[in-house]
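The letters A, B and C name the chains in turn, as written, and every chain counts its residues from 1.
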Amino acid sequence: MTRLCRTFQTAPAAVPREDSAKYLESGLEAEGFEAPDWLVPDIEDGTAPDMKAEAVENVVDRLPGLAPDFGGEVWPRVEWAHDDAEFRDRGRDQIDRLVGEVGDHLDGVVVPKVGRLSDVQDAVGAVAEAERDHGYDDGSLELTVIVETAAAVSDLPDIARLGEDDRLAGLVFGPVDYTADLGGRAMDGERPRWSGLLERLSNEASAGGLVAIGGPFDRLFDERAGVTYYNAPGYADQVEREARIGLDGSWSLHPKQTSQANRVHMPTASELESALDKVEGFNEAKREGTGAVVLDGQMVDEATYKNFANTVETVRRIDDAHPTQTAESYDDSLLERARSVTLRFG
Amino acid sequence: MTRLCRTFQTAPAAVPREDSAKYLESGLEAEGFEAPDWLVPDIEDGTAPDMKAEAVENVVDRLPGLAPDFGGEVWPRVEWAHDDAEFRDRGRDQIDRLVGEVGDHLDGVVVPKVGRLSDVQDAVGAVAEAERDHGYDDGSLELTVIVETAAAVSDLPDIARLGEDDRLAGLVFGPVDYTADLGGRAMDGERPRWSGLLERLSNEASAGGLVAIGGPFDRLFDERAGVTYYNAPGYADQVEREARIGLDGSWSLHPKQTSQANRVHMPTASELESALDKVEGFNEAKREGTGAVVLDGQMVDEATYKNFANTVETVRRIDDAHPTQTAESYDDSLLERARSVTLRFG
Amino acid sequence: MTRLCRTFQTAPAAVPREDSAKYLESGLEAEGFEAPDWLVPDIEDGTAPDMKAEAVENVVDRLPGLAPDFGGEVWPRVEWAHDDAEFRDRGRDQIDRLVGEVGDHLDGVVVPKVGRLSDVQDAVGAVAEAERDHGYDDGSLELTVIVETAAAVSDLPDIARLGEDDRLAGLVFGPVDYTADLGGRAMDGERPRWSGLLERLSNEASAGGLVAIGGPFDRLFDERAGVTYYNAPGYADQVEREARIGLDGSWSLHPKQTSQANRVHMPTASELESALDKVEGFNEAKREGTGAVVLDGQMVDEATYKNFANTVETVRRIDDAHPTQTAESYDDSLLERARSVTLRFG
């Protein structure tokens, strides 16, 4: 199983307000289900061109105070573009500055708009160089890339294989830039879902041992009969589609989205109970020497067992990281079963 | 056209009953539409861990008596796992034993849970070694692999190219393990359909000259208003989706499924009649010197002709192998037209 | 952005009528929205085997008179087959003859039924040789291939990379031959849509800088309650699906289809107006130092901006090539905004 990243929440690192670090701070201080697994201070497209420098300063200034009490991981998104050297130069400078000043509080760096394999290798090199220059151990800082160009998708199998023995940790889909790069058109206001590509993203991430994350959902608010409301169903539908095909987490633009995605990527109580029934039933069948058993009309064998064991294992890992979330989701006896059952893998 | 494999029926080679070979025997003795094109004695996930040895014994014991009168092909599934050397060792031993004892009655071996290209090459090597050790001609025993890991899907184009000049004969999808390997979740009890992957599986199998087979459908029975029934519509829907995209056959877990899949992967009488009309009409147009003709409002040219000729050719091949099935499906005059019309390919 | 090819209209180069060049002529003389961006005189499957020679003669005879006044590009489709040397020999002869006689009037050659990378390289070589033999500058004649075999799809990423530094200009999908090559079946008369493949075609074309075109729609006419009608909705649905995922244009078999596809692949007046609002609004936000702005409830940042700018750029290019089409589609003030707004890319 890959690391926990149910939520990849971007927060503009500087906005034109009195407290320009407002969203960065609120992301790092969020509690309960609004706390993301990964917080991504955004120095790239979410920050205005003339505020990039202030965005870097905000990250450098706020992380030492807020990161130690933040339960998740911290992954700033810097500037980059496979087809523009100026952006790559700015990205290298930002990576160098961040690692040098607050490297202790970073898990890695998110690099957008990467292109073919060689461009991703350049991004790997930029992180390795900053790490070396500032005295960090080799591999202590990781890289996650946004997959949002035709070039990156064309080379996806090779890019993902960098995860096998390198610092690459995650693949995140960027549908807006991707659609623009392919010349796609939002007929009736809807972008394509790119479901074939998302299947491949999930596959290659699993093959390379990487986290796979879906793209942002930007229709945060909708309107019906004159009333504007938070678009909870639209986002939940997207997150469910992502969970179904094995994406590990979803992109969040807002604490409410984080709260939803954390829940969807977490087994429900009834899913957990059903998985425990299957795991316990199969464990018993194995003790009695049977390799397959029919439970609730469904055959459980070595192959199907893995699914149920994965469900239980995920709950354990969320419980380790965010005990308030598991306490709210499962009653004590169910959680105790999840913690104590024997999980046999492989 | 690839070889006939409308049905890939797995039968547990040993079950905890008085006659532990019950399903193996009934698979080999099935008649009419319940007779599969390929019978797969399952020594892997369908057989309990403590019955693996008995499963091998059952295959060795029963094949000499039952295989000669079985009309289809026989392909045992052995143990294997790309990420577990112990399983691969057991698989090599099982292949060696089966080829040594009943190699005359085998068409090939099915190897599950393969990984990247190098792992599939290892499986090829295991079959080649057993063949050589027991005095069979090179290439007389073939290999079919279950595609059910992210690693195998990542390397699918290269794996399928082994079919061009090697003993690889088929690609079979394994959705349960695959979904688990990607961390996919069965939201609302439904697994993803992996339709993008199935398109690619069909493509790569065709490019490499391999048979392509869909995954098992395990909701064999369903319930409505308190009554449990054989889930005929659910399975038929899946088999039809598979036929549409060019999968050559479907996985069967039960004689009723075999009976359905044999029928769906067989042209209907009206499809055959329509194909014959188009083939005969186009043949006549060609004699009159026209390269395209409009028949029933549809243009038939060199390109569309191939579809119709393939339909007729499939009927001929089923008629060669299972004359009772064609006799039940088509009236004599239609079958006679199918046997006598001139099919021009390439 | 890639070159303009909203419509790829094939016209049989010889038909068994008194004027055998009738469709070739009408394609080159079409006006307004019925004028295709690319006209493809079809010497391959649309022309009867015994009329191939006459088809070549018709192209050689008619182009000098009609091509100079035709606004679009001219791309004859010759014979070819990756698995049949006889077809490739005929294709080489046809390319040689066409380039030698009317090379001045050709933009390139369309080669069907290509296979793996090496076969596409052979087709590239055939065009290069004809170009050299007849004294044309290197690269003055381009190649577009029809992707309609499992072999070509298996090698698609490598084939598309030929576009990076070679004469390959376009990828066109051929669903009828493709479905036949995979052994797909038209259940209920419907072929599969191959949506996973079309996503990949769009991606690889964009990665290689190529034009991507969808397949032909051959149910030109439909019937309801005894009345036969031109199937306008069926074709429009397909073209819209293609536009959404970033295919640059659609295959047309008829002037009415050309007229529809030219319109669908052209922004509507309200799409143009909305894009202009977003572009102008974001330009203003940038001047005020903000990198993102909410317009009509949607966040516009550097990433989303590209989509809107592409819409405006497309309108400009159609206006350059076909001013009667833009005059009919947009009022003067809207067109003036599109021509004068500042578009910032990269």
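Rule of thumb we're sticking to: contacts are C-beta pairs under 8 Å (C-beta built on N, C-alpha and C of every residue); 3 or more make two chains touch, one makes a residue touch a chain.
This is a predicted model, so every value here is computed, not measured.
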| item | value |
| --- | --- |
| Angular offset of subunit A relative to subunit C [C-alpha, multiple of 5 degrees] | 120 |
| Copies subunit C and subunit B - interface residue numbers shared by over half, same or different | different |
| Between subunit C and subunit B, distance of the C-alpha-averaged centres to the nearest whole Å | 38 |
| Sites on subunit C at which at least two other chains make contact | 195-197, 199 |
| Of all residues in subunit A, those that touch subunit C in their complex | 12, 16, 44-51, 81, 83-84, 148-151, 153-155, 174, 176-177, 179-187, 190-192, 194-197, 199, 218-221, 223, 228 |
| Contact footprint of subunit A on subunit C as seen in their complex | 1-2, 157, 160-161, 195-197, 199-200, 202-207, 240, 243-246, 248, 267, 286, 289-292, 297-299, 301-304, 306-307, 310-311, 346 |
